[in-house]
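Chain lettering (A, B, C, D, E and F) follows the sequence in which the chains are written, and residue indices restart at 1 in each chain.
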Amino acid sequence: MSSRVDDFQAFRKKMNDRILGADNRAIKRFFAVDTLTYEPGKLDVRTKEMLGLVASMVLRCDDCVSYHIHQCVKAGVTDEEFFEVFSVALTVGGSIVIPHLRRGVAFLDELREKKADDE
Amino acid sequence: MSSRVDDFQAFRKKMNDRILGADNRAIKRFFAVDTLTYEPGKLDVRTKEMLGLVASMVLRCDDCVSYHIHQCVKAGVTDEEFFEVFSVALTVGGSIVIPHLRRGVAFLDELREKKADDE
Amino acid sequence: MSSRVDDFQAFRKKMNDRILGADNRAIKRFFAVDTLTYEPGKLDVRTKEMLGLVASMVLRCDDCVSYHIHQCVKAGVTDEEFFEVFSVALTVGGSIVIPHLRRGVAFLDELREKKADDE
Amino acid sequence: MSSRVDDFQAFRKKMNDRILGADNRAIKRFFAVDTLTYEPGKLDVRTKEMLGLVASMVLRCDDCVSYHIHQCVKAGVTDEEFFEVFSVALTVGGSIVIPHLRRGVAFLDELREKKADDE
Amino acid sequence: MSSRVDDFQAFRKKMNDRILGADNRAIKRFFAVDTLTYEPGKLDVRTKEMLGLVASMVLRCDDCVSYHIHQCVKAGVTDEEFFEVFSVALTVGGSIVIPHLRRGVAFLDELREKKADDE
Amino acid sequence: MSSRVDDFQAFRKKMNDRILGADNRAIKRFFAVDTLTYEPGKLDVRTKEMLGLVASMVLRCDDCVSYHIHQCVKAGVTDEEFFEVFSVALTVGGSIVIPHLRRGVAFLDELREKKADDE
């Protein structure tokens, strides 16, 4: 059981509902495009989610990093693969990425533990 | 009563006093320019604060977003107008803006509730 | 007659056609959201284009700045209003915005001259 | 034959030699890490280069985008795959990415033409 | 005694150990380059740490700001010098830097108090 | 004689005059703060200009990098010191800084040649 993972998902869901409920057409369509982007195409979900993860890391958005780490875990990305994605983010984005890397790895570890607890 | 709104304002005030008290001329003048920028001119305060808000959102600074949301509320920006400002931020800045949008909308809702409580 | 303005628009049009012709659904829908965002709503086109301009300036994208300056000119934004938008961008984004401000103002001046020549 | 591609590579090579010749240890080792990052590991070169490309696009660096597009072409990335990488960059990074997308696609087209000419 | 300072350092140490333990060569070498960069050369540690601090401030990374403030304190940077570094960050990076300046100054004050308590 | 250096300075001067001539008070005062920031204080001009340079490099603004390189040259920064400043920018900001490093070093070399020619 991991409160950080659960809290993050609860706030995310609550606020997404609030935002989409405001009924602004451009915002609603943006969210639809966001979903469409990660659907399988010539590239599979796994690759697309790794792309979303590295983009989130270099732009240094903790919530986006957490979200894509979760999607990557679901898509079967292994720890060794994760660290290769992280190394691209670190090299491209520089040491400024390190604090986000620390929090991202902590989140990944919580997810792995949570899954082990659930089994 | 909303602790997040109050805490934010108390820390902001305390640290601004501390920073200006350090008596660095360039920093003091920068703060004066910052105030001057949002004074009414050919554009009214309302428009200028919406400009400050969208700029803060695409640069993804939660405290700046909170501050300008508060100023916009004082200047009479409606919820529908807020969401149009948010849609520009989201389209220009991308999905990386979404976590800041979530926290911004949560802050806006707290402000509206706090105001209703105070009345 | 201003070659910078014309060249910019020709390249922009050619490449947008090329990109949309590639027939990627997520990209096509993103472009549609981008158009939708600036349509008049509770905020008029003029205000929305000023929002797009300030967002582009603090993110320091010359082409986006040029584009929104052009849209603002069409929507009747005056020079004094432009400089108030620029002052928000400068204060929020810092001196790093200045080179983009220089090129933006040069573009604005070319547009005004071109329009005077066309009349 | 494409002068933009050739000019870019000539300047890149000349300046890399100049920089490494300055004999600053931290800079030389950084360049070595940069090379190491894209070597095949659990992820293949193709995937790593797509990661480098999407990271470069959301950080909006034209030269980095050109470089990784070239590496992706060498690794066999198809046009449809390229546009899926671009769609992730566009959704995550927003419309501010579009000018870089235009120049990236123009560079890709030059590369494809140059290769066709060379055959 | 300052819990924020201690908590920050404990999490930083724990996660750095975790990350380096994952044994990704590119990441380990990046961390080595990061250390090498701040070793004394033609510029002394004091100057290099001030460079690291201003870079972290304009990129708006609180953890990096805290880290370099700590290193600067160890290298003997005075409060007046700190505020001159901050003024460069503020002017270059704009008002968007202010929230990070507030948290940075609060961290600096905690460090100074902690040191006074320890003596 | 170096046209890139001269062109840059001529455009910079022309547009600064144009911008300040527009008589927007907030913008004029911002430019005054910008000048004040780099005046000697507890830190000398040399150190302040190196701070301005590293900040410009990690924010990846070629014109700002060129400007501060020129100021650093005037303040007597040596090539070895320049490369140590560059190494901080590269480590903090990542490989995305490299294209700006290339152009910055090319500009520095032009300045050194121009000065040698003038003597």
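Simple rule for what comes next: contacts are C-beta pairs under 8 Å (C-beta built on N, C-alpha and C of every residue); 3 or more make two chains touch, one makes a residue touch a chain.
Not measured: the values here are computed from a predicted model.
Of all the chains, the one whose CA centre sits at the greatest distance from that of subunit B is D. Homomeric contact subunit B/subunit F: same residue numbering on both sides for over half of the interface positions. Each chain gets a centre from the mean of its Cα atoms; for subunit C and subunit D, those two points are 27 Å apart.
Remark: subunit A and subunit F have CA centroids separated by 38 Å (rounded to whole angstrom).
Distance between chain centres (mean CA atoms), subunit B to subunit C: 24 Å.
Multi-chain contact residues of subunit E, defined as those touching 2 or more other chains: 26, 30, 33-34, 37, 55-56, 58-59, 64, 80, 84, 87, 90-93, 95-96. Residues 25-26, 29-30, 32-33, 36-37 of subunit D are the ones touching subunit E in the complex. On the subunit D side of its complex with subunit C, the touching residues are 60, 79-80, 83-84, 86-87, 90-91, 95-96, 98-99, 101-103, 105-106, 109.
The residues of subunit C lying in touch with subunit B in their complex are 33-34, 37-38, 41-43, 47-48, 50-52, 54-59, 64, 78, 80-81, 84-85, 87-89, 91-93.
Contact residues on subunit A toward subunit F in their complex (touch as defined above): 58, 90-97. Residue ranges of subunit E in contact with subunit A, taken from their complex: 11-12, 15-16, 18-19, 22, 24, 26-27, 30, 34, 55-56, 59, 61-64.
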